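Sharing a structure below in structure tokens format, with a few things to ask.
Read from first to last, the chains carry the letters A, B, C, D, E and F; within each, the first residue is number 1.
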């Protein structure tokens, strides 16, 4: 186990606070739309830059830490930017900029109401997502986790229709329940250990746990973070929450919220329990079982959906479990695959959601059965869609292939060949539920006249950019943000082994 | 002189104010409010300085009449009592600032003088209960505070006297039980002083008399604190009392009973007795747990906001009872912290209800809609803050009391209780988000309703009502983030000896 | 301690208490309660608590009785149970 | 055994009185009857204290000049008496408040029956 | 509700019967209440009163001495209770003064 | 309540008896040191005397004797006497209600004895005033509403 070099730096704190600081500015400039959105984007850019400044340190295993004050005895409100955290933070904050630009186009295009509320809560969400990424201990994690829960609620019910309010209720019911389990789990862990810091390799390692403690505790944790990660029996809020505006679905339900759940699983398995305990009590098998079920059932359910966003939602559910699966395999290769999939799935899925949103804003179409022939109307959009769907199916050269490859390799390493079959089957299912969309839009004749051209640039540019990112990362995974090295660094911290 | 008499000062200030208000009102009626406010301010300052003093130099015993304890009556200023008086007086100060305007609306002019005098006497009683080290003196002050409370309830709306009467009957039964318990204890030990009895009890050993005395005292306080299933009086009393009364009694009134149980169980009889010899602590936890669930479920089905808050109080009281019953450090810290936290939350929510009543003339959840938010943005924001705290979202205070209680239940390995705590926070979410949905997202359903709202002009309530509400709402977050200071600085010292 | 007197008074007390709770006419009930108070006062005195007995006689037989009668004249004399 | 009876019979009578009082407070529906029950309950509690204070062959707690020294045990324990004086006063106060409440209730609802009142309370939506 | 009431009554009865078995005999000079020293060795209040009331307060009536001196704070509380009752009656029943109605 | 003003016998007897009750009440208050009784019992007797006059001669005559508006202020005053006695002890350096510090007599036990007397007078005044006030309030006419 190589010890990381810890230094004090307030940058993680600033990164969390910057979008929070934007909230009053956004509210104050409610009347002036351009200024308001300037604040949003400015905050996004500043945040992204702040996170990027942490990148070199994280690559060299130097962890920026900031300790604020004790929030409960022995536990401080503390942030640290280790490799895993920086990884997640880069993904979330980077995509926030794109989403902000896209949101502007989306909100203005639809003439949505209460845009100020929308943008301010969005900023809060991002703040708490970065907080989750940088949380140095479980209490800080829970703090931001719950804030995220609450801050997402106004976004989910943004439309204020009956359906949206129902979705909001369901969302709250699930996520608050999850939060409650997480609190219980944290309390129990504290009781065992008197400490809740995230330690690479496991906080509980070296503690004489019994199966009677470890297994229920693990289940509590899974119930806690699994809701947001939408592991199968806890998933049903996610399709319902698609009632939210599309940028919300894009960023929150493809990146921030659900990835926060998955990130939580990584934190719990690798930093609280640690690989040794996970394997010792067979906890990783529990994860694998859940993940496999979710992947297969989620993909199958996605096939049935006609609503485009719902199909994407089920696809998200399935893909989140890829990450969980990678965690469950408990090999460094698979974990790298998991981490990479956090980033890569984000770029791909956000592209898809952006496309869905663009189609909705531009043509007011939500269902797959109505998409005939729109490829000619919106070639850029549908082109990006195609790229992303190829990636999700795990076909090179898009980045989805890389993460899947590492997952498969990890499975093979640990001799769990059945899992490779699962991955392949799921890839086929991916093809099965994405190809009809691509097929309909490009190769079927629609009754739509071709008088209409492509959607607004504010929407098209982000989605093309994300599609390009997916392609670029597929070819050069270390470009820009050294995702691969970062993931490798993170995994080294956990497994202590040499770089694969 | 003031330093020497500091322990007794707080109740005496209130008593003096209570006596002087009827006299001063002969000349000038409006002076009543200001005397009350001044007395509360003074005793807040004194009680906070008492906390600092006690933390510096340890517990103080104050002998009335100069007679040492077994002979005379003593006040004991230890960290627990100092902390609780500070909590009570601080919250009351804020609530009283708010009360000025709403009392003007809800209570006729010639009734305000005795009303404020009663408020003062009620507070005198509460502080006396907390500070006293003598069982019978506790009874006297218990009756002062209860009687004043009956009066404060009865002056409410048309149905208030009935609620007050039922409360009176229940309260008298409770007081009677307590007195009988004191009687048994006295016959058995020959003393009335808490510290003395604490010394005597282990010598005398277990005896039916002691067990019954303990049960009767707990029953008595259980009625006063509205512990399930002895809560029958509470919902009506809270609903029909004037807003000022309910926002004083909700954060403070029932806590007195909780304090009594805490003091008797853990400080007089001792942890070993109440958990092993006669497991009344466990019984208490189970009833509390039942109360938590019952209160939450009943709260969901209420249409009147104050009534809903009343049921929610029953549930929250359960938390305190549960923490006490766990009889381990975390449980006690959680319980005492929750006395503060719940005080803040409930005060905030009742002030919000008061603001609604002030502006709308009602606080019917059915009639809430989003015009409310447009008219009273700050009040509704305070409500949202209070609701989040009740649900237990970090970093509000509600989370931390739950956190310590959860730690307590885990330490005792009582998984069912842990589940109850967690479940109840979900139930809380159900009934609070129901209102939040209405306030924020429900448009007026009918034209008529809309017109009605239009007709009631005026926007936010006056500053003297708004600022206390917002101060409390802010306190929910500040005290949440800073709870370690309280826990480490005060509550760790609160724990009974032997922990 | 004079057990003969005490037992007699106790029996009287219990009987009077039951009557007081049982009668339908509230005025009768109140008058019976006054009797109850006097009996209790006597019992206190027998037990040696002269002060308490005196107070109980003054209060229970005097003021409370008067107030209760006032109360009943201001409200109603009938009771359903 | 006889000692036990002699030392406890008063408590048993008091016990009966306590239960009668409590019964009156809880089960009687007329508000005045509840108050009567309350009075009985209070008297029973006072009796308990007073009875517990008594001593064999002792005299009332007012000092006479003849009794000195060890013979002082002949005085009955004055402490419970003091407490009960206070308790009586508290009882009077509670009674006074209860009367005031009853009058207020009667002025509005013209009945003293608890069941009717509760029914009225439900119907009387305002 | 009715059942809870019966339950309370029964619990109460049971508790009292149970307790009465443990009570010391009435009037027993050796019972804890009547000793000079409490079992833990502290001064017993009532025997102190009996012995010292006159010396301390020049008042032969011990009850008065205890009431108004040793435990005078209780009595202050008792007065407060009475005052409270008076105030409540004022609050609930007193009519407006004549000069207010103008 | 129906007044019995017409009945000459009750009028006569209560007019004669009431002053004696008054006197007896005062006696009980000040003689509480030596015999059963004290402030509370005496105060109740005083109140009883006043109430007797009201019962027999009607409230209007009673008002002349003791105006019902005096009740609460006098009650407060009574408690204030008690409180003031305690407070005086504080001002002269003792704890609350420690009569030993009152500057009223030389001998320690006499100080306490006098302290008790003051307190009892306060109690008597308060109890009398408040009981009369309660009686008056209970008997008050119903409001128009």
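Following the convention adopted for this analysis, a residue touches a chain if its C-beta (ideal position, glycine included) is under 8 Å from a C-beta of that chain, and two chains touch if they have at least 3 such contacts.
Note that the structure is predicted; figures quoted are calculated from it, not measured.
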{"item": "A-B compared against E-F, more contacting pairs", "value": "E-F"}
{"item": "Most central chain, Cα average position", "value": "B"}
{"item": "Centroid distance [mean C-alpha coordinates] between subunit F and subunit B, Å", "value": "36"}
{"item": "Interchain centroid distance [CA atoms averaged], subunit C/subunit E, Å", "value": "20"}
{"item": "Centroid distance [mean C-alpha coordinates] between subunit F and subunit C, Å", "value": "24"}
{"item": "Averaged-CA centre spacing for the pair subunit F and subunit A, given as whole angstrom", "value": "79"}
{"item": "Residues of subunit E whose C-beta touches two or more other chains", "value": "12, 16, 23-24, 26-27, 33-34, 45-46, 49, 54, 60-61, 63-65, 67, 69, 71-78, 80-90, 92-94, 97"}
{"item": "In subunit C, residues with contacts to at least two other chains", "value": "1, 50-51, 55, 59, 63, 67, 70-71, 74"}
{"item": "Per-residue overlap in subunit D, given as positions that touch at least 2 other chains", "value": "6, 10, 18, 22-23, 26, 51-56, 58, 61-62, 79-81, 83, 85-86, 89-90, 92-94, 96-97, 99-104"}
{"item": "Partner subunit D, residues of subunit F touching it in the complex", "value": "34-36, 38, 40, 127, 134, 137-138, 142-143"}
{"item": "Residue numbers on subunit D that touch subunit B, as the complex places them", "value": "18, 22, 25-26, 31, 34, 38, 41-42, 45, 48-49, 52, 79-80, 83, 86-87, 90, 93-94, 97-98, 100-102, 104-105, 108-109, 117-118, 121, 124, 126"}
{"item": "Residue ranges of subunit B touching subunit D (in the complex, touch as defined)", "value": "136, 139-140, 143, 147, 150-151, 154, 157-159, 161-162, 164-165, 168-169, 172-173, 175-176, 179-180, 183, 186-187, 192"}
{"item": "Complex contacts: residues of subunit B adjacent to subunit F", "value": "1, 4-5, 8, 12, 15-16, 19-20, 22-23, 26, 62-66, 114"}
{"item": "List of subunit F residues in touch with subunit B within their complex", "value": "72-73, 75-77, 79-80, 83, 87, 90-91, 93-100"}
